[in-house]
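Dropping the structures in below, format is structure tokens.
Common to both upcoming complexes is chain A, partnered first by chain B, then by chain C.
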Partner chain A sequence: MRFPVRKILSPIVALFVLLGLWQASSLIWTFPAYFYTPTEIGSAWVASLDANMWQATWDTLFRAGVGFLIGTILALPIGAITARLRRVENTVEPYIGFFYALPKISLLPVLVVWLGYTDTARITMIAISVFFPVYVYMNAGVKGINPDYLKVASNLGAGRWTTFRDVLVPAAAPMAMAGLRVGLAISLIVTFATEVVGQSPNGLGRIIQDGFIAVAYSEMYAGIIMFALIGLAIDLALRLLTRNSRTLWGEAELA
Partner chain B sequence: MSNIDTHTLVTQQARSRRAPAGLGQNLFAWGALLNPLGLIAVVVGILLWQLVSAVSGNYYFPTASQVAVDLGDMIVDGTLANALGITLGKALLGVLIGGVAGLLIGRLMVVSRYVADGLGPLVNAVYPIPRLALYPLLVVAFGAGGEATILLVSIEAFFPILYSTQVGAGSLSQRYRWLMGNTGASYLRREGIAMRAITPYLVAGLRNAVPTALIVVVTTELLLGSSGAGFLARDAGNQFLPARSLAVVFALGVVGVLLNIVMRLFYRRTQRWNLSLQA
Partner chain C sequence: MSPSTDSIHDPHSAVGLRVTDVTRTFHRGGVDVQALKPVSLDVMKGELLTIVGPSGCGKSTLLQIMGGFDTATTGTVSTPRGSVTGPSRTIGMVFQRATLFPWWNIERNVAWALRCGGVNRRAALDRARELLDLVGLSGFETAYPNELSGGMQQRAALARTLSLEPDVLLMDEPFGALDAQTRELMQEELLRIQQVAGTTIVFVTHDIREAVFLGDRVVALSGSPGEIALELAPGLARPHTHDVMRSKEFLDAYEAVWACIQTGGRRGPVVAASSAAAGSTVGTP
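So, the complex of A and B:
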């Protein structure tokens, strides 16, 4: 196989051209104070890397992670159950449909009235936001299982548990992983929203918001870059994980 | 956001061809309303809510009827319609701007291999970044009016439309390309046919972009500003009027469901324009 030089070089060249134009245009025009050049953004980020910043990153990751876990742990089994039991699905369908379509972040003011400006309110909000997309993917994944697999399992005398463990879970895994990817991306975004709207005392959202209030642009840029890096890192990690899971379960294409 | 279906299904489709476009948005079509078990569940749920909150007598846990009364008040005095109009206006304008940009750049990436090789990986790399975090910066640049929100929605809508344009342009089967070449079709005619091939995919992208836009707008209104549905929910919360806040949430849910239904109809209606070989 020929080494795809152009495929690799092109984006790098494009990146340098775009950033270079951005940087160079600052020599020609004077940008407003809030508009940083790439080098200024880079140095603002590097300068921000102190214990405070790492603590804020950790706080944000913690919230996103706990919310994601709670939402996922509820969504995966419920999505699988409703896919298998028609009556249960019919019962919950109106609720799921309504909350799926609802911009769930609008629940935050009510959650804050109930739970106060606490991490409980924030994490609940994140878990709710993660639940619905993961549910929908898991449900579709289990529903999309080739019925022949289930018949074969039944013919071979597989019990409920064996069918679940050896057929349902591996066959639905690719779709579930896709759902987890969506859920993880959502958890990060909602975490930012809850940190700012929910007046969090810490976290990256706080750093960006503080920078906004204090007109400290370097802080804002540093927080935004940190958020971006987390998003990129999570996406990359999940991509590698998903790639593994496909070979692990031996199911490349969903029926 | 996803959404916030951030990882849009069109991308999924483009990358793996597995997830059907509009997955999950088929939920709560008329079927869900007409299903008797679901109907019973809704009635029982509302009655239970009414009963529990009436017995508890907790002001912060309003009854369903209180929420309904507050909803009625907001409908009658026009607050709700006004707020929803502002919210939807920002969402749709943002989708329009981002959509046009996504369509143009997506088309350019299909036409030119250099643009595709250069920009494609960059777009993919930027995609997983949580763009909502840009909002405070955009407010600094464009003020706390609607402009920052509209721009953020445009950025958010750009991606699904760009991806669906690429997939859609690829769906135009080779036969049509040969046919156009052989008959000496003019540039405009060829672009028109390409547009027709792209349209069904574009609508699939819109089905992801529109709900996401609504989420982004509501979130920014919760953060800042003094108008729109998000503001209404925040304001009611700040005044410790949970019933009013819940009424706004309910109204937003109804708007979300209606948008899904409209997008679904729109999607169905345009699928027959598909010019891929299967169609």
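So, the complex of A and C:
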């Protein structure tokens, strides 16, 4: 596969133009000390790359990853089942609706009361937050399956399991993948919140918060950059995965 | 041909599918809407029966019931194998849209149908290629549905349904979404394939020309709720191509169906433009 130079080039050019303007403006005006220029942030980030920073990155990744996995593993099957079984959906829908709109982070104090300032509490918080958007996407994805696909499957005599594996799963996959992307973003957001509000002794959230409190802004900015890079890397990986597995067959619908 | 008295359960019966007093009533918003008045008809083995009628006459509903995809409110559908209670591999359906699975190439789409019937992987792929060749798609076996034109997709869907070797093949306006030229090609193609495969076909369309061109027998449904308003055998010499559309037999049959649908549908004058568009001499009913 040829490297898509043009596609990558324009956002990079835009980035440099923007950063250049920002940098240049610091030559014209004098900014207060807390207002960093791009080079200052960049060098702060590079300077921060010690064992401590890598450990914090790993701690944050671990929490976000485990929380994301648990939330997703629960949300995908439950979303699919409720989409197919009217009675189950009628039973759980009011509760889903109640929690869906609730700012999930408001449950963190409850979890801390129950579980203490532990990673269990934090990861539970992340899993709950990831569950709802993934559930909603999966549910909509399975409900939105072209009913003719199921008619075809029954006409061809496909059994329940075959229909599930070969028709329902691939047909719902594009929506499920969209749900996973949303869930991933949320897992990072909530991980930060649990690290700050949940009194985490480590992690990027801790570094950012400590930098803020200690007026060590270079630490704060370095932590933010690291967070953004994690998000970017995961999102890119997910999009590459989607492209290679031909999951984006949605456009084939137009017959 | 109205249902005869001979038993359909006799395996030597000439009847491939029998519809007996089928009605269908839908419940919408607490109101009962009747879609079909009692309909009875026999589809003979090896016959290509076309059902034609305006939108909303219940022709699609009737076809869905024949295939077991919908349940008749009253009445029965049966084949020599027994009564139809749900979808099965013995009655194949081709839908208006090709509904191929976009995550597989067309070869795998057809092979999947065979695999569902218990054919092993190797044999299923071989047979899928044969069938794609039969419908004129050799060379496109590994193409994905979204890489093919509407007509080619519909051919692939037809190959998939033919792979069932169904006793009866039901087709629900399968060429309705195609452009005029492609549609004519597909119609001739269908006749060729039916000659080769000898399948019993029930073909639903709202296009009278298509119904008369394809049908060994044409059944016109009219009104809402629908009922059989006319049944005729155009008696076109076979095999034939679209040249037959200039023949007297074709025009007579066309005119008879058109007149019947005009009087049987919403009563009142039919817009002159539609008869002009049909490009035919249509007598005033």
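In this text, the second predicted complex is superposed on the first by the 231 of 255 C-alpha atoms of A that agree within 3 Å, B and C clash if a C-alpha of one lies under 4 Å from a C-alpha of the other, contacts with A are read in each partner's own complex, and residues count from 1 in each chain.
In the analysis below, a residue touches a chain if its C-beta (ideal position, glycine included) is under 8 Å from a C-beta of that chain, and two chains touch if they have at least 3 such contacts.
Please read all numbers here as calculations on a predicted model, not as lab measurements.
Taking chain A as the reference, the larger set of touched residues comes from B, when chain B and chain C are compared. Of the two partner chains, chain B is the only one that A:Ala185 touches; chain C does not reach it. Of the two partner chains placed by superposition, only chain C is touched by A:Asp166; chain B is not. When the two structures are aligned on the shared chain, A:Gln199 is found in touch with neither chain B nor chain C.
Contacts of A:Leu108 after superposition: chain B is touched, whereas chain C is not reached. Contact with chain B, but none with chain C, is seen for A:Phe99 once the two complexes are overlaid on the shared chain.
In the superposition on chain A, contact is made by A:Val152 with chain C only, not with chain B.
The residues of chain A shared by its contacts with chain B and with chain C are 253-254.
On the chain A side of its complex with chain B, the touching residues are 6-7, 10-11, 13-15, 17-18, 32, 34-35, 87, 90-110, 112-114, 129, 133, 136-137, 140, 174-175, 178, 181-182, 185-186, 188-190, 192-193, 196-197, 204-205, 208-209, 211-212, 215, 217, 220-221, 223-224, 227-228, 230-232, 234-235, 253-254.
Touching chain A in their complex are the following residues of chain C: 67, 69, 86-89, 91-93, 95, 97-103, 112-113, 116-117, 144-146, 150, 153, 160-161, 164, 177. The touching residues of chain B, when paired with chain A in their complex, are 1-7, 12, 16, 18-19, 23-24, 27-28, 32-33, 35-42, 45, 60-61, 114, 117-122, 125, 127-130, 132-134, 136-137, 139-141, 211, 214-215, 218-219, 222-223, 229-230, 233-234, 236-238, 240, 242, 245-246, 248-249, 252-253, 256-257, 259-260.
Listed in rising order, the residues of chain A touching chain C in the complex are 146, 148-149, 151-159, 162, 166-167, 170-171, 173, 246, 249-255.
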